[in-house]
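Once you've had a glance at the structure underneath, I'll fire off some questions.
Order of writing sets the chain letters: A, B, C, D and E. Residues in each chain are counted from 1.
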């Protein structure tokens, strides 16, 4: 039986090597994120508004119960949903179309793909500033262009109306996130063997049918992945809102998403307990949405492993 | 039915303007119901030709006619043909049934007929039990069959094959080859078959188109290709083991000697130098004393039913195929007997066939 | 053979068509137009910010912006780039970005390699967990992180930011790199073992060089993420460790909104990242995204 | 360890801070970026005068400071000794027990009332003011002339104001602009018209009374500027800060604004189309009263968790001294916090708008900084913007707000 | 010098506990300096065996000895052997020189010697001119040579090959096969060669190990494998075209009849039923009148020098290889002449060889 133990020994050496490699990173993440996460969960169990003095009773799930019926939370959820639907579904859909556009061979294609990286590399804060320069109601270039082309005859106050501002926000975020999604889709497209397009042509499928019946189904993996990461990013968008609305989530709380509400509650209202519960709720929401996608993606994973 | 005619067809890929065309001035006719192979080494333009027939590539100049009608401005999805790809090109996201049915759906064949045709094709190729599986779960041979079934179910006027067997292992390849042959016999549709495997081309085809560097080398029956190769390229490309092609100088009236060895052949030619061709399986070996020997045995490769013996003639190697497990040994000195071999001779400069 | 769908070339059947490829221009032109529109969409906003930083705001804030080249001025750049209250955050951002990237890459590549090489139970769960760190809104962690850093004397100090960013970025780095290491054909590792490499040598001499594009792409992503962060930097620093995005955002204050400076700061903040992204675009496009898809 | 037991517990138990005999040590100051003076000269003077070292003086964006304080205080951080404050924060952080209450002996006696209010909450003083600030009206004399309005005098009544604004409005330019783009702006603009119509936010018990008839009328008048008379620049709804408004005015984008004193410096500074002779300044025209205004004074407070409170107090007191105050008036354009400086002729000479300020002291000038200011601002911005956009009537808006505000008052005043 | 001995070697992959072992109870000895092929269909455990010899996989039970010493607890990097992989496994980030030198560096061979050995190996395989290139710039054949050079430069006691030729095209495959044979003749190191191509195994090997489903079917010389296949599996796997294996019933003393046809053979056996094996190339065809015919010609596959004729015997197909382009035609009725064919017979249940 000495062979078995020797093989075991080797396996143990393998294991030790593997653990040794991964431990530092895992430890750093767990230690650095574990404590704050625990703290936040803990806080969310207290009724802890600093402006109410020094009595902070433990209320268990009380905060969560409150937020379920808090109209401000409902409004924020509605806005979060609006924002996410447009940036996630709209973003992914647009990304697919643009990727298809860029997957055709043409001169300068590489250059265009490189330029795709520009929005991706622009920091969110700069993104906010940039769109503010463009959509400013009095001095923004957007109004200048629209007036110049006669599309409107009066300056549009983009950032004065809650609805419009939300749309500007969606627009600004789309600009920034599209490139990454496009690159995802492009990579996905490149993974589709060109021959099956030929096969489809031979089979009598026209351009639209090829897109609908070949391209889309074969992009399922990248699309799912894009949906997941973009959901995560959309549901916790912060920087752009902050810069675009001067830190207010306005006008008239028009851009106060659930995540921003958590911020306002914690930092403006000094309601740390409720703020923590909102943030945790936002996180739970993100995880749930992610999980929803993962369940769909998971099926694909299984398939893939089966194939191996 | 379908007769395919190529008239001065030429193809230059955009962005490849400098080099020679990928396909250069091809003209031949593939008769209705025939099985024709396009044979040639990698990069000689076989796939390009096939793709032009299919409408997957534009023709740069010249015409392609199917049944006398020009088709070169017809999109692929409008031509009535089926294509079997080297990598099968199965739709990975559809199950086998859907893969086979897709082309029928696209052409608006009624549902019940689709179902009937799919099952018919699947039965024919023995893949009925995997109709619900996705392609990635199939073995290579099964995928191959699905690709065939997809083509058959379409019932097209023309079948196009682009090296459909090259991804299969040896055993499966032989098996499928026979099936293909039977299938063609049954369906009788015009078939164009691309391969770089001369054995495949020989066994399957009614006619073979041998190509090299975009140009037509020879168009003929397997018999013609094998026994009367039009160029030294065809001669060396077709036949296994390869034909021995040796430079020979004129030694006297009608006599040519292979440089560096005592080997000589009789040829009714006048050129001072020619390339002489001798098929290994038509030659034989005789033990010889060192003095009178043509060469020494260098390698022996037993194949079971025969052995290839490679003889070092001094300045060239000469292969002889002898039956069974050979009795000669490495290092033996031998004489090559070419008396029963058919003689081939080619022009040194142009490579054109010289004898009869 | 069913002849029902035999090819048909309606009326023009007999008449010879002039030689040459079929006209497909219409599609091509439409495609070009779309691509051009896309390019404008991608670049115009940034270009406009650039314009803003280079012209006096009075020239731009009119009904018809005055883009006379003679008005071009680098004054705003000169001012910011000679202002220590701007240069210090810039240097801070650079230090934080580079340090975070290095630490993440060192720890992350080792960890990712182990994940890719040793398939243990719970691996995919752990990997998914890594991705889930992306789901944590930083708001949740701001206060506790502040308390934590202060307890270690790291508040408003660069190491504090570096440590924090490392914690956030590391999971992403690992997640991406696992994808890249998974791509390496196992036979290469086998070949290396036969060639006499031990475990460590295989990792250093084979796996890392092979994953180089992926490593580069990941490193750039790590850098961009730490360089661009706003909220944590805002909360975890006050002055001495303040970073560029915080400074940039601060150009719109209650009494200090200054569009030209904001645009200039915006350009300055974006440019290093842009340059990096463009220089490494080959790796990014190939590596970053493919790794992500396949992971 | 129960976090509930720590936190702000110290706030109530400790005695108010008295001035030390000979404070020494080092202090760290966090200020907003309103003043340049401290950095350039005051700190050096303070160190020379007291021997206390200012270890660090940092300026932050006003918008960012609140978040920073919130984290600092929540973590009971002692690394900052002096923080900048104003009415809202004094109430908010004071009530939270995070600011050190000052003993009356530490508070100078000559402070003017609104300035002292800015650092107090419910009778407790949490700091000392650094400058006073009240909104007044600014107008552009050249634009008045163009519109055929007498440039030498401000409209004295709301009706006059409206008609002037109408004459000033032409093409791209509007007669009037304000800043209601963010939450605080919405609150300030409403409070101002409320006071101008003789209304008020709360009664003595902090019961909200702003939805009175005066309040509703005031808001209607304000909405009418935008919707009926069309004299308010629509971009007012997206201007998030006073400096944008100041810029707009200085560049001739609008004829009239109600703004903080710094507007004078901006309007007469470089890059402006106006100068000292073409900027008009006067009382804000009232509706049912002659005039009224809102207060924006700022001050310094001491971190409850500071370890150098006496030295910190010395800084607070130093800033309130006459010498520093005079410099603030002459160099920064803010109003002084003490009576003597306000009435000093030299001050008026340096800052002409001071006369208007002196005048305005006769009329209501309030801010109503409360612990619930930030919540109220947010709620108010929703209702005011909706009213401005005619998505709701002023009455509905204010009634809703009153209910919401009552809930906040009840919550924070424990009733 | 190296003799490899496998003693009751068994391998079960972790996580595959239910099914049969990947390799089951193998015992044989590979003599020093011999060239031994592991032959078998896909998935039969060839690579697994090779990997166990190399130390890339653990042995589940049993022992592997090299020169009498147990090696199964020695890591791969401690064993003195070289491995040529199917996909070559060249290091893409190193140039050819570095690829060849890497193994030597790892084993701390002194610099000058490395240089000398690399150049020596490169010269031998004619890749000296690409030493500075990265692998991706090389053609398939060149890559293959680099992989070989890497192994040769190591000068190990044992060479292991895992289907090294299967990614090459037909022409290159034949060529490299000859080179391999020459190389082995020169170096004389013990070589274990995995392939599923019986022709490769036949031409290259001193001995062949035929495996199926993890089990040993036969271990012998090519001659033995071809002429005395131990099981019907070996019989059908080795030889091309495949041996005809037909069920036959005992018709009288020593006489067995193939079901459904007039074909019969003489065998000194007593079983009521056996499987009879006949090699196509040892049989011949004779025209026959319909009455006395064994079957009808179904397909003819001309190969140039010979043709495979597939005859329909009624209940089975029978292949005969005839020389040249056959004169029979599809549909002809023929008699199969088995008189000069060596007879094989196998047990129906166990598949074991029954005759001599």
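Here is the rule we go by: a residue touches a chain if its C-beta (ideal position, glycine included) is under 8 Å from a C-beta of that chain, and two chains touch if they have at least 3 such contacts.
Remember, predicted model here, so these are calculated numbers, not experimental data.
Common neighbours of chain D and chain E, by the contact definition above: A, C. Relative to the centroid of every protein C-alpha atom shown, the closest chain centre, again from C-alpha atoms, is found for C. Most remote from chain E, judged by the distance between CA-atom centroids, is D.
Of all the chains, the one whose CA centre sits at the greatest distance from that of chain B is D. Highest inter-chain contact count (C-beta pairs) belongs to A-C. The centroid of the Cα atoms in chain B and the matching centroid in chain D are 91 Å apart. Between the Cα centres of chain A and chain C there is a gap of 14 Å.
Chain geometry summary: the mean Cα position of chain A and that of chain B are 55 Å apart.
Put simply, the C-alpha centre of chain B and that of chain E have 25 angstrom between them. For chain C, the set of residues that touch two or more other chains comprises 61, 63, 142-143, 147, 249, 252.
Contact of a single residue of chain E with at least two other chains is seen at positions 75.
Among the residues of chain D, those touching two or more other chains are numbered 63-64, 67, 71, 74, 172, 240-241. Across the complex, chain A is touched by residues 28, 31-32, 34-35, 38-39, 41-43, 45-46, 48-49, 52, 57, 60-61, 63-65, 107-108, 110-111, 113-115, 117-118, 120, 124, 128, 130-145, 147-148, 163-164, 166-168, 170-171, 174, 199-200, 203, 224, 227-228, 230-231, 245, 248-249, 251-252, 259, 262-263, 265-267, 269-270, 273-274, 276-278, 281, 284-285, 288-290, 292-293 of chain C.
Listing the residues of chain C that touch chain E in their complex gives 185, 187-188, 190-198, 201, 205-206, 209-210, 212. Here chain A touches chain C in the complex through residues 14-15, 17-22, 24-26, 28-29, 32-33, 35-37, 39-40, 43, 98, 101-102, 104, 106, 112-126, 128-134, 138-139, 141, 144, 147-148, 175, 179-180, 183-184, 186-188, 191, 221-222, 225, 228-229, 232-233, 235-236, 238-239, 242-243, 246, 259, 262-263, 266, 272, 275-276, 279-280, 282-283, 286-287, 290, 294, 301, going by the rule given at the top.
Chain E meets chain C in the complex at residues 51, 54-56, 75-77, 81-83, 85-87, 89-93, 102-103, 106-107, 150, 154.
Within the complex, the chain D residues that touch chain C are 30, 32-34, 56, 58, 60-64, 67-68, 71, 74-75, 77, 79-80, 172, 240-244, 247, 251, 262, 271.
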